[in-house]
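Just below sit the structures, each encoded as structure tokens.
Shared between the two complexes below is chain A, which pairs with chain B and chain C, respectively.
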Partner chain A sequence: MPTRPLLLALLGASQVALAGSTAIQDVQVTTHTIAEVSVSGNESITISDTSAHVVSTTTLDLSTNSTSMKITVQSDLTPSQPLKMNVSGFSCPGTPAAAWTITASTTWDLLTGIPRGTGNCLINFYVDPDMTVAPGTEIVRLTYTITS
Partner chain B sequence: MSPLLAGLLLTLCPAGAADLTLGGGGAWLETISSADLESGPGSDLVDSRTSLADQASLDVWNTGGATWQVVVSRTDAHWPTGARLWARRTSAGTGCDPVSGGEAFQEVFALDQVLFSGTDDCLGITVQLRLTGLSLDIAPDAYLTAVAYRVE
Partner chain C sequence: MHRPLFLFLTALGVGSPALADTTATQDVTITTASMASIEVSGDDSVTLIDTTETSFGSETMSYAHNGTAMKITVESDKTPAQPLEVAASGMSCGGTHGTWWTVVASTTFDLVTAIPAGSGTCFLNLNILPDASVPAGTETVTLTYTITN
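== the complex of A and B ==
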């Protein structure tokens, strides 16, 4: 019997036998887009004299695993409401938060160019007293949205 | 059979050329979402995820009563920078005497690492996996690596 074919046959048989010595297990990790924002709560501002006020500071927290995100803010203020309030932010990731004067139902890019990671912004609310406005209570809801 | 051929046969097909079969949970599929933030907005992802204790069940057989060891390695198809994979043995299986090592998590690399060793045929040795290094720095995507268990 020729030696070479037999050796090749033995080698082939060995490889088949050894093929059973390894097992493969896949590990798959699917990461969804994460873009979350929250604020610390409701703020109450009281106007009691004519001086300018830095009346309230709230915290805005965000988490995202995407780049170039932005946070928009929108009010539900109506044209008939006499409130005039300014909003600005600092200690934010990405572009420093721009100052915004709340007007009726407008949307404003509060923060842009947010990088991946976390952020804890401080949002300041400023109200300038207006002596032409009668005493009363005004409520405005601000909606913050993080989006691409 | 000539002595030469007999020697080659023993070399190529040794009595201890054991086989290994993978059972149990099989593939490990993990999904990362906003629910995995450590404490909601403003926080990062929980750093690690751990599979079921019996995510893999390994049968080592056809050992001929010999001593063997299982090595583990991984081949990345697409894997996020910073994420690390670990494995550990969570049971001794049945029929073998003894199985040793691998009870603490050890990192799985591209190169073979001995996970545990034993003697004789052994069924149902369970393995648990762990991911660490998860963070918001990992972009949204589907990532895949293949973990190879090999008996030798």
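== the complex of A and C ==
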């Protein structure tokens, strides 16, 4: 006897809630092309003889939500600097190009065909000094760019 | 309804172009030390059978440096008790040649000066003028070549 009215009351309450407690909302998220590149830090190479020097301690981190992106590199090396240095990437997602002899005013495709996702690669510096390079310190600034 | 939400998502970085990180710069510092090397191809010998002045020397000297106007000096361990008169000189070296040096102990002679940066090779000439005061036998004189500023 007490059970039936209670059951009816509960059903009624439920019907009221169903009628006014839902709402529909469209959330539109627009994702642009995202491409990021960062480098682990600066590099320092000391030359004390004419043997070839190889340094591979730089890590390049990259991520993109696009496909077939590439990373270019350019330097501020001036023609008056007799330094001979190559740079290349290895263990990279995508296709590393052959080593680039760093020259000023040119842009080199260091890495092409980067797939969508996040990854990193090592940057390899190869310096083949000769006696034409005077004692002293040179700084070469490299700019890495991720682009389509 | 849509506009505030879009602005909120944009503030969180959702949907906004990541323009700031498409480039990364790196400074590569190359420090080059002073470098200089010198090498002589081998030892030399001559046999004297009379008092005729004899020039000989079939060895070469290779050098390299990245400095400015370096020079090559030579010194010997020849003692005053050794009466042999020996002279040394360099030929076809990159730089300014000294004259013939009469080898004596405890002196250092500038064989070549003003050598430009780079590498080169020159011939080592020796000249000997025996006389009857030199007893029969064999003497060895060690010449030490040094590349220096």
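Everything below uses one rule, namely that the second predicted complex is superposed on the first by the 123 of 148 C-alpha atoms of A that agree within 3 Å, B and C clash if a C-alpha of one lies under 4 Å from a C-alpha of the other, contacts with A are read in each partner's own complex, and residues count from 1 in each chain.
In the analysis below, a residue touches a chain if its C-beta (ideal position, glycine included) is under 8 Å from a C-beta of that chain, and two chains touch if they have at least 3 such contacts.
Since we're looking at a predicted model, the values are computed, not measured.
Colleague: For A:21, decide between first (touching chain B), second (touching chain C), both and neither.
Modeller: first
Colleague: So, A:66: does it touch chain B (first), chain C (second), both, or neither?
Modeller: first
Colleague: Going by the contact rule stated at the top, is it chain B or chain C that touches a larger number of residues on chain A?
Modeller: C
Colleague: Is A:33 in contact with chain B, with chain C, with both, or with neither (first, second, both, neither)?
Modeller: In the superposition, A:33 touches chain B and chain C alike.
Colleague: Should A:47 be classified as contacting the first partner (chain B), the second (chain C), both, or neither?
Modeller: So A:47 only meets chain C here.
Colleague: For A:140, decide between first (touching chain B), second (touching chain C), both and neither.
Modeller: A:140: touches chain C, not chain B.
Colleague: Touch check for A:127: first (chain B), second (chain C), both, or neither?
Modeller: second
Colleague: Would you check which partner chain A:117 touches, where first means chain B only, second means chain C only, and both and neither mean what they say?
Modeller: Only chain B is touched by A:117; chain C is not.
Colleague: Which residues form the common part of the chain A surface touched by chain B and by chain C?
Modeller: 25-38
Colleague: Which residues of chain C touch chain A in the complex?
Modeller: Going by the criterion above, the answer is residues 1-2, 5-6, 9, 14-18, 21-35, 64-68, 117-119.
Colleague: Can you tell me which positions in chain A touch chain C when the two form their complex?
Modeller: 25-39, 41-50, 58, 60, 83, 85, 125, 127, 129-147
Colleague: Enumerate the contact residues on chain B facing chain A in the complex.
Modeller: 5, 8-9, 12-13, 17-22, 26-34, 37, 40-45, 55-56, 58, 62, 74, 80, 83, 85, 129, 131, 136-152
Colleague: Using the touch definition from the top, list the residues of chain A that touch chain B in their complex.
Modeller: The touching residues are 3, 6-7, 10-11, 13-14, 17-18, 20-38, 61-67, 116-120.
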